[in-house]
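Common to both upcoming complexes is subunit A, partnered first by subunit B, then by subunit C.
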Partner chain A sequence: MCPRTAQEDAGRLARRGLSVTLVETPGQCYAYASGIEAATPPWDRPAYDLMIAIPAGYDDAGLDAFYLGLPYTFKGGTHPRVQGATIEINGRRWQLVSWHYPEGASWRRGQDNLETHILHCKGFFFHRGAVNAY
Partner chain B sequence: MPISLRVARDDWIALRKHFQPSFRLRSGLETGALGVLGESRGRTTHELLLAKVLWPEPGEVEMSRGGLVFSASYLRRAHLVMRAEGLAGLVTFHTHPGADRYVGFSAYDDCQDPLLVENLVELEPRTRLVSIVVGKNSQAGRVWINRDRYEELAEIIAVGDELSYYPATGRPQPPPPPPAAVFDRALALTTAGALHRLSRMVVAVVGASGTGSLLCELLVRAGCRHILLIDDDVVLEINLNRILHATSEDSERRTPKVEVLRRAIEALGFGCRVEAIQDNILADETLMRLRDADLVFGCVDKAYPRKLLSEFSYRYLRPYVDVGSEIGGDEQGIVSLDGRTNYVAPGRWCLLCTGLVTSRELAFESLSYEERERVIALGYSRDLIIKKPAVMDLNMRSASYGMMVLRHLLQPFLLTPLPVTIAENLVTYALRPLNRPRAASPECRICQRNRYFGYGDNSAPMGLDRESLKIILGPNQMTESEPSRGSSNEDY
Partner chain C sequence: MAAPHEHENPEHDVQVRVQILSPGAEEFKVKLPEAAALLEVMQRGAALAHVALLPTQDAPLDRLHNILKHDEVGPAIQDLDQAIGDFVRQPGTTRDFGIELVLAFRVNTRWAIAPKPELSPREILALPEINLDYTQYSLYLPNSTDLLALDTPIKIERGMAFEAQRDGRYGA
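Entry: the complex of A and B
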């Protein structure tokens, strides 16, 4: 079951017209965000779908990284940070992207939430924000 | 089963201050206040928890020498909060200005309380009404179930920088019995009264490995007679360097750690009962066993259990002492040898604010096992999966500080306020009381703005159901229903 704090976050975002829904798979909750803008080129389309793993201890537990909805192409090939495991949710394949908060600017408990994390993830498509991992 | 009222010490102090005018002058008037209550129903305990004091607005309490009347709007306000939040009941406090060490309910109280509870129960049948009358140095309480039935309140337990037990009988505490000769040499530090209290307390120890085994030993020899011991793990050869009383036979047989300690402590002959629970504290039903404990020692080395124990402390108004030690090293050798004790309680900082539990660790531990494996494969979480070294001599220092905190709570001896963290760096032999939390958040939903503070059972579950626990721990992790296949998940 998705943490109550995540349900509250998703509800708040939905009320503001943002397309974020929670997806419960056996044992793990994810947030599904669609229409995340990307720069074209180098990306092959103007918007992508993301899936974010929500830990049971959210939001005292922070969010990190995200899954990118497949397929995608970047500069006609693959992106070096899209290198993680591939999972299948609701008949679609998703690949884990190594996109983390930089050291010294980690998850701020009580301030960061699903919305700020999606904003952080958007930076990936424009190559800005966090670059280095922990 | 006797019913007690548990309150945050800060609330108790504020209430007592609010009542002071009644006792300052000979002709002092009655004063009073209302509060809303959560409930904690353990297997052997039944407590009501003061979730919030609703201070009276002007005109809500009518004071006269003849008596005190809570206005209908004040009572309605409190009852609406109770009903909206799904809480267990209301508490009324009022003073009897002439009373000092003895106090009792008046004929007026005997007449009014049944009428009040009748009205409240009519609106919401599950309403409990606790009525407390306060003297200058005494208090008496009763718990109304309906207009025809009440039970005497046994005691009021105030939890915070100190741990205080006040009789709710309207009389002074009877003198403690003389202590057994075996405790004579400790009486200078823990007086007969504190010793008697300790002997009646149920102390939970979560984690029965290196530090937990030492704490159990210290508790028994200090006079504790009932330990609730929780750990899901079994003894392996690698544990033998640090679990007190564990033998090579235990490692061969994979004896549960809790059983090793139960066997050894009961054999000491101090009359201490050990309730051994071989289960994971992340499981909600196991976490809820702590409702029977007066104080919780956390001897775990993971973030998720620490977070849950912190939350439990504020939701159930229980004191929680977290003890731990850490050896840090690099290619050059040892860089740190730390023993540490944190005290968490209402009015104090939680382990997230002290920086002991980080959002990153907590996120890692509270993902499903499969998701965690995928995160590990990315290569940026290796620091979170390193096996932490542990030795008995260092654990002993942490356990000792933890035990001293308990002695202080029962019989204060510190000359300065109890620090947020007591930290000892053995590389420099420096003992540091840390008075500021390193990661304090004024918005912290655990210790600063916890909307379920004192709600107890009247709130959503905190721990995990069995299925979620299995999914988070993954294969090779033991649960009660699934015997160990050799987990070395020490102290989880």
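Entry: the complex of A and C
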């Protein structure tokens, strides 16, 4: 069962025109966000689909990182930070992207939410707001 | 936009005039059932003037005003759900309406009205409707990699979009 706060976030975003669907798998809730735009090049397509793991304690417990819907290519190959675990949800494979909040700027309940996390994830595709090099 | 109510029950229709509040704007005559909400006056007027209400036509930040005697623009009407028939029967009201197109813009999915023509990213993030900490969030134009300088004013245009993003860190 997805946390109620996540359901409220997703509903609010849908009303604002951002398509986010909650997906329940055994033991884990995810937020599925489609059409997240990316810079082309170096990415091979203008938009990607993401899966974001929602912890049971959301939003006291924060969001971190995301899974990228496969396949993708970056500069004709793989991205050095798309090297995490691969999972399968609803017949599609998703790979964990190592993209986090900076040290000393961790998740802040009441300010950060699903919407802001999706924008944080979008930054990965534009290499913006990155405090360290890949 | 479709006019689902028109001519359904003509004896209970109310005819009003509506225009965009802008010098030289065309005035349109609209006939609606007296039970129709004032929001419908706004929607019909905007459609006839070929402008889009923002952020959506069902919940606009744009404002509807009654134009009083001597062409004085009345205050923005707060209750757009009230029936037009009830409204025009109130003393002092007229059947003339004006639509004020506000300087609406958005950050991510949050909409706000710019209180002045130019705003710095610091001021944008501090708006109550946006409410994001400038020490935590950076502002960008959509799909841009160029960070907008915190204190450099930006000319706000109606419908403009920004993206506010928390910085990221690549993991191991």
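The rule we apply is simple: the second predicted complex is superposed on the first by the 129 of 134 C-alpha atoms of A that agree within 3 Å, B and C clash if a C-alpha of one lies under 4 Å from a C-alpha of the other, contacts with A are read in each partner's own complex, and residues count from 1 in each chain.
Definition applied: a contact is a pair of C-beta atoms (placed from the backbone, for glycine too) under 8 Å apart; a residue touches a chain by one contact, two chains touch by 3 or more.
Note that the structure is a prediction, hence the values are computed from the model and not measured.
Colleague: Clash or fit: subunit B against subunit C, after overlaying the two structures on subunit A?
Modeller: The answer is fit.
Colleague: Quick check for you: in the superposed arrangement, does A:17 touch first (subunit B), second (subunit C), both or neither?
Modeller: After superposition on chain A, A:17 lies in contact with subunit C alone.
Colleague: Please work out whether A:65 is in contact with subunit B alone, subunit C alone, both, or neither, and reply first, second, both or neither.
Modeller: In the superposition, A:65 touches subunit B and subunit C alike.
Colleague: In the superposed arrangement, which partner chain does A:102 touch: subunit B (first), subunit C (second), both, or neither?
Modeller: A:102 sits against subunit C, while subunit B stays out of touch.
Colleague: In the overlaid three-chain picture, which partner chain does A:28 touch, first (subunit B) or second (subunit C), both, or neither?
Modeller: After superposing on A, A:28 lies in contact with subunit B but is clear of subunit C.
Colleague: Given the touch rule stated above, what does A:8 touch, subunit B (first), subunit C (second), both, or neither?
Modeller: Neither: A:8 stays clear of subunit B and subunit C.
Colleague: How wide is the angle at subunit A between subunit B and subunit C, using CA centres, rounded to the nearest 10°?
Modeller: Angle at the centre of subunit A: 90 degrees.
Colleague: Just subunit B (first), just subunit C (second), both, or neither: which does A:39 touch?
Modeller: second
Colleague: If we overlay the two complexes on their shared chain A, which of subunit B and subunit C does A:123 touch? Say first, second, both or neither.
Modeller: Only subunit C; A:123 stays clear of subunit B.
Colleague: Check the superposed model and tell me the shortest C-alpha distance between subunit B and subunit C, rounded to whole Å.
Modeller: In this superposition, no C-alpha atom of subunit B lies closer than 6 Å to one of subunit C.
Colleague: Where on subunit A do subunit B and subunit C both make contact?
Modeller: Common interface on subunit A, subunit B vs subunit C: 65, 98, 100, 111, 133-134.
Colleague: Quick check: in the complex, which residue numbers of subunit B touch subunit A?
Modeller: Listed in rising order, the residues are 304, 307, 352, 357-360, 362-371, 374-375, 377-378, 380-381, 383, 439, 441, 443-446, 460, 464, 467-468, 471-472.
Colleague: Enumerate the contact residues on subunit A facing subunit C in the complex.
Modeller: Where subunit A meets subunit C, its residues are 13, 16-18, 37, 39, 65, 81, 98-103, 105, 108, 111-112, 115-116, 119-120, 122-124, 126-134.
Colleague: Taking the complex as given, what residues does subunit C use to touch subunit A?
Modeller: That would be residues 55, 108-110, 132-133, 136-138, 140, 142-145, 147, 163-172 of subunit C.
Colleague: If you look only at subunit A, which of its residues touch subunit B in the complex?
Modeller: 1, 4, 26-28, 53, 55-58, 60-65, 83-85, 87, 96, 98, 100, 106-107, 109-111, 133-134
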